[in-house]
Amino acid sequence: MTSKLLSLRDAVGRLVRDGHSVALGCALEPAIPFAFAHEVIRQRRQDLHLVGPISDIAFDQLIGAGCVARVSAAWVGNVSAGLAHAYRRAMEQGIPRRIEVRDHSNFTVAQALLAGALGAPYLPTRTLLGSDIPRANGTFRESTDPFSGDKLLLVPAIVPDVAVVAVQRADEDGNAHLWGPWGVSQEAALAARSVIVLADEIVDRSVIATDPNRTIVPATKVAAVVHEPGACHPSPLQGRYRRDHAFFHEYHRATRDVEGFDAWIEEWVTGVADRSAYLAKLGPRWTALRDTGRPAAEARF
Amino acid sequence: MVAQAAREIRDGERVFVGMRLPLIAFVVAKRTHAPNAVGLFELGIVRDEPAAELLYTMGDNPNVAGAVWCARTIDLMGLLQRGDVDAGFIGGAEIDMQGNLNTTAIGPDRRRPSVQLPGSGGGADIASLAHRLIVIMPHDKRRLREKVDFVTSPGYGTGGDWRRRGGLPRGGPSVLITTLAVFRFVDGAAVLASHHPGVSVERIREETGWPLSTAADVHETERPSAEVLRIIRDYDPKGFWTRRGD
Amino acid sequence: MTSKLLSLRDAVGRLVRDGHSVALGCALEPAIPFAFAHEVIRQRRQDLHLVGPISDIAFDQLIGAGCVARVSAAWVGNVSAGLAHAYRRAMEQGIPRRIEVRDHSNFTVAQALLAGALGAPYLPTRTLLGSDIPRANGTFRESTDPFSGDKLLLVPAIVPDVAVVAVQRADEDGNAHLWGPWGVSQEAALAARSVIVLADEIVDRSVIATDPNRTIVPATKVAAVVHEPGACHPSPLQGRYRRDHAFFHEYHRATRDVEGFDAWIEEWVTGVADRSAYLAKLGPRWTALRDTGRPAAEARF
Amino acid sequence: MVAQAAREIRDGERVFVGMRLPLIAFVVAKRTHAPNAVGLFELGIVRDEPAAELLYTMGDNPNVAGAVWCARTIDLMGLLQRGDVDAGFIGGAEIDMQGNLNTTAIGPDRRRPSVQLPGSGGGADIASLAHRLIVIMPHDKRRLREKVDFVTSPGYGTGGDWRRRGGLPRGGPSVLITTLAVFRFVDGAAVLASHHPGVSVERIREETGWPLSTAADVHETERPSAEVLRIIRDYDPKGFWTRRGD
């Protein structure tokens, strides 16, 4: 078995290029790889195409930091606090730059990534017929079902250059266990050209092999494995740590204007060397979020 | 709003719940008249019991612990597209008389909006594919508009058989619950059904951006029972979601 | 929570009608609900449309017993022993009756059921282009990808009247945990109009809720829950019992001619009242197949 | 056959293994020259180590225990359609010179076959979508035919760019391994590359249903090493799958 263990700095440095399409936040509200987004900002990647259903504030941070040229998403905001200020500034005023948005719904993002995972050119659907989203998105096609004659919308496959998944545990080869909601994480990982796994814990291959049903992505698809505890804060990771609700609200208040946004990025992203420094800065607030959960009922293989 | 929203959930129904007030409406319904209702959450969660504590997002750990199914978004959306979901909740920034909702952007040019909104999330899917849509919004003349700038979630379009002609398999808004009133949709258009206690029809007319049409039996919205108010306050004691009145 | 517990006799009696399309054996070689197939034979259902990828010998038994009018499958045989004699007799000589076969590959069966689960009219694919299977199947359509101009095959959705899934454990409401290979079981269950769950063990809802990622089908889709230990013999059920290889070979040798087939059905199906009588007849041979497996690594919710 | 099949697996490749002899070839390859090969099984299993004991089907409990991924058939087939699978094994009842395989039915009318075969299983998908197809069959004039009655798994069709014109994204048979010989496919047609020890080219010609074409460097098939024979006998001591010679 090969080891694909890299530091997050090296994983982003080697695998994420300017202009790449990057899928992240694919479990929706939980398990968002904020550590990855922050490293991308520190390394000043540009012209990225962000792909994901709802990203909570990760997309907002990347957009405000000027790393993004295009967004394919169903929702960009701050789930528990409201609108996303940096996203608004980019769209309304072109600050720090203009970005292109390809509007989606959660279902069409899921279908586009599933098509990518299946190697299918598109998936046919009846959702959004009558919505203005297809016109705004620009990549869909209206069609007629040859079997029934009904109207259909064809959602073309999305094949991200990179998909990032944060999981509870993985082995060094990239076999990764994720439990809790999967959202569109598996479709994104199987659709992508390369996958970066952020694991809260690195375990021996034999641990993964005791429960292969928990594997969300097999090593054959994985390019890099990063051991990054706490990678998802302020979003939660099931059975490991809870959501830091106040952090989302503090971000919302702090980033109302550009100066506030820049100061926030300086304090929490460019001002810290890496994730461990970030967690150290959080201090007791971080340790208070620990959540050990309850054990799953036994299953024997 | 929450109490009225809870009344819209029938016992045994499979409901796409969503966040904020609808989530609390689901809790109220489960604990009162709809103990067998099942809640579906688009990130891939199905629950037959509400979470043990107040949720800030549907992905909070307590909403996963104790769920009966934790799957993928596509699985839940598949149920929705198949027609296996009875009702769904949705909010919006703007709505018109035909129940078309805008949660995408304010302004004539979507590429250069005057206000960029978060977007559809799963809302447009619920509006397209659920058997019945329950809309909850603050009542404001700038929100209840003659015409919305962008149709994120299709209601009855231009009315008539617009949904069927467009290819939508079913559904459409059944009710619009605002901070002032309750509207029912009759022949694809919103009709004032009841005004909340202490709110005059005149005030509702002033606060509504379309020519108000009123049901013959327009009446006062039923007040929430003491039990319902207790359930709401127990679930959201700090009023994080219900601060703006229930 | 409602209880959907029924005896297998009542579940088949109430939910399976002559002419129904029935999906079973959807995990491929393991977890085949032979107990269900045998009860269908005992109740003399007719004109069934069997749906499944490969059924090992379950389809052969139903065909030989005269319950089947049509088969939509990728493979009908005896996996470790060879050809399926009853299927051969039906196709080659019309004994006991002629049946219609809609040829599939495993991928097209999976796509047809996934389309049914998604409520999509069809799935587009590049498999089988150049194979004679599409012509023999008769329900597919050739198409052109409007995005690329490439040739495509459109596989229409299959929506079975009934899907039968055998699982390790379920609650009385129908929330069912299956581990080991899923094959096309989840797609079949989500696509079907009604689902019958055969559970090796009935557990409290709270057990299911400790590990919702293991749930293959939620109660909202389930019409009946049957507590039927050993329902899959001679096929295996992960962590519960192993495959009875010899039984497949004995069946192969015993059913070479019609008389042999009828005698086998009399001995193992119509001659036994139910599954518990069948297991009692197996005796020590059955208990020797027990497999307790190894426990999955802990996951906490 | 097994020893030659094992040689066709390259280190690090992702291989759709299937059952019977190919499964043992995978074991041999893993334990000799291809320790990093990964095996995919269409019911939804991915293994980077062979199962601990002899398998009668890919769904036997020992093939699940110790797997690194246990998923759904559609997930594995998706990898195959995407082009993420390097090679796949397949057998058949009939094959023609262009490598088209029949595992469906013998006889002119598929609806009234003279011999009903089990069908494709995943074979036709592997033949359609894998980068490289490895075919293993008993050598028999009635099996290696001028023309097959039914094309279950497409080879090179009528030859030339038939696959591309038909819409297949890639692939086709690279080798046909029989009980007597090894054929390589050159410009979409089978060419005799080597004869097994003690088998004459004349006998192969007699046992082959198409006009035999022979490579310039036709030679004797490399004999399996003692180590390979030991691995095979250790894995299948009773010769359940390898009885008919390895």
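We just call them A, B, C and D in the order they show up, numbering each chain from 1.
Quick note on the criterion: a contact is a pair of C-beta atoms (placed from the backbone, for glycine too) under 8 Å apart; a residue touches a chain by one contact, two chains touch by 3 or more.
Model, not experiment: these values are computed from the prediction.
Engineer: Which one of the chains is farthest from chain C, going by Cα centres?
Structural biologist: Following the centroid criterion, the farthest chain would be B.
Engineer: Check A-D against A-B and say which one is joined by more contacting C-beta pairs.
Structural biologist: A-B
Engineer: Between chain B and chain D, what distance separates the C-alpha centroids? Give it in angstrom.
Structural biologist: 56
Engineer: Could you put a whole-Å number on the gap between the CA centroids of chain A and chain D?
Structural biologist: Computed value for the inter-centroid distance: 40 Å.
Engineer: Would you mind pulling out the distance in Å between where the CA atoms of chain C average out and where those of chain D do?
Structural biologist: 27
Engineer: Do you know which chain B residues sit against two or more other chains?
Structural biologist: Only 45, 61, 64-65, 70-71, 74, 77, 80-81, 129 qualify.
Engineer: Where in chain A do residues touch at least two different other chains?
Structural biologist: Within chain A, residues 118-120, 125-126, 150, 152, 179-180, 182, 186, 208, 213, 238-239, 293-294, 301 contact more than one other chain.
Engineer: Spell out the residues on chain C that touch chain A in their complex, using ranges where they run on.
Structural biologist: Listed in rising order, the residues of chain C that touch chain A are 118-126, 141, 143, 145-148, 150, 152, 154, 156, 168, 177, 179-180, 182, 203, 207-208, 210-211, 213-214, 238-239, 292-301.
Engineer: Please output the residues of chain D touching chain C within their complex, sorted ascending.
Structural biologist: Within the complex, chain D contacts chain C at residues 19, 41-45, 56-61, 64-65, 70-74, 77, 80-81, 104-105, 110-125, 127-129, 150-154, 157, 162-163, 166-169.
Engineer: So in the complex, the part of chain C that touches chain D is made up of which residues?
Structural biologist: Against chain D, chain C makes touches at 27-30, 53-54, 56, 73-77, 79-80, 83-84, 87-88, 91-92, 101, 103-107, 110-111, 114, 125-133, 136, 150-152, 179-187, 235-236, 238-239, 242-243, 245, 248, 291, 293-294.
Engineer: With touch defined as at the start, can you tell me which chain A residues reach chain D in the complex?
Structural biologist: Against chain D, chain A makes touches at 1-2, 116-120, 171, 173, 175, 186, 190, 205, 208-209, 212-213, 215, 218-221, 301.
Engineer: Show which residues of chain B lie in contact with chain C when the two form their complex.
Structural biologist: 14, 36, 38, 45-46, 48, 61, 64-71, 74-75, 77-84, 129
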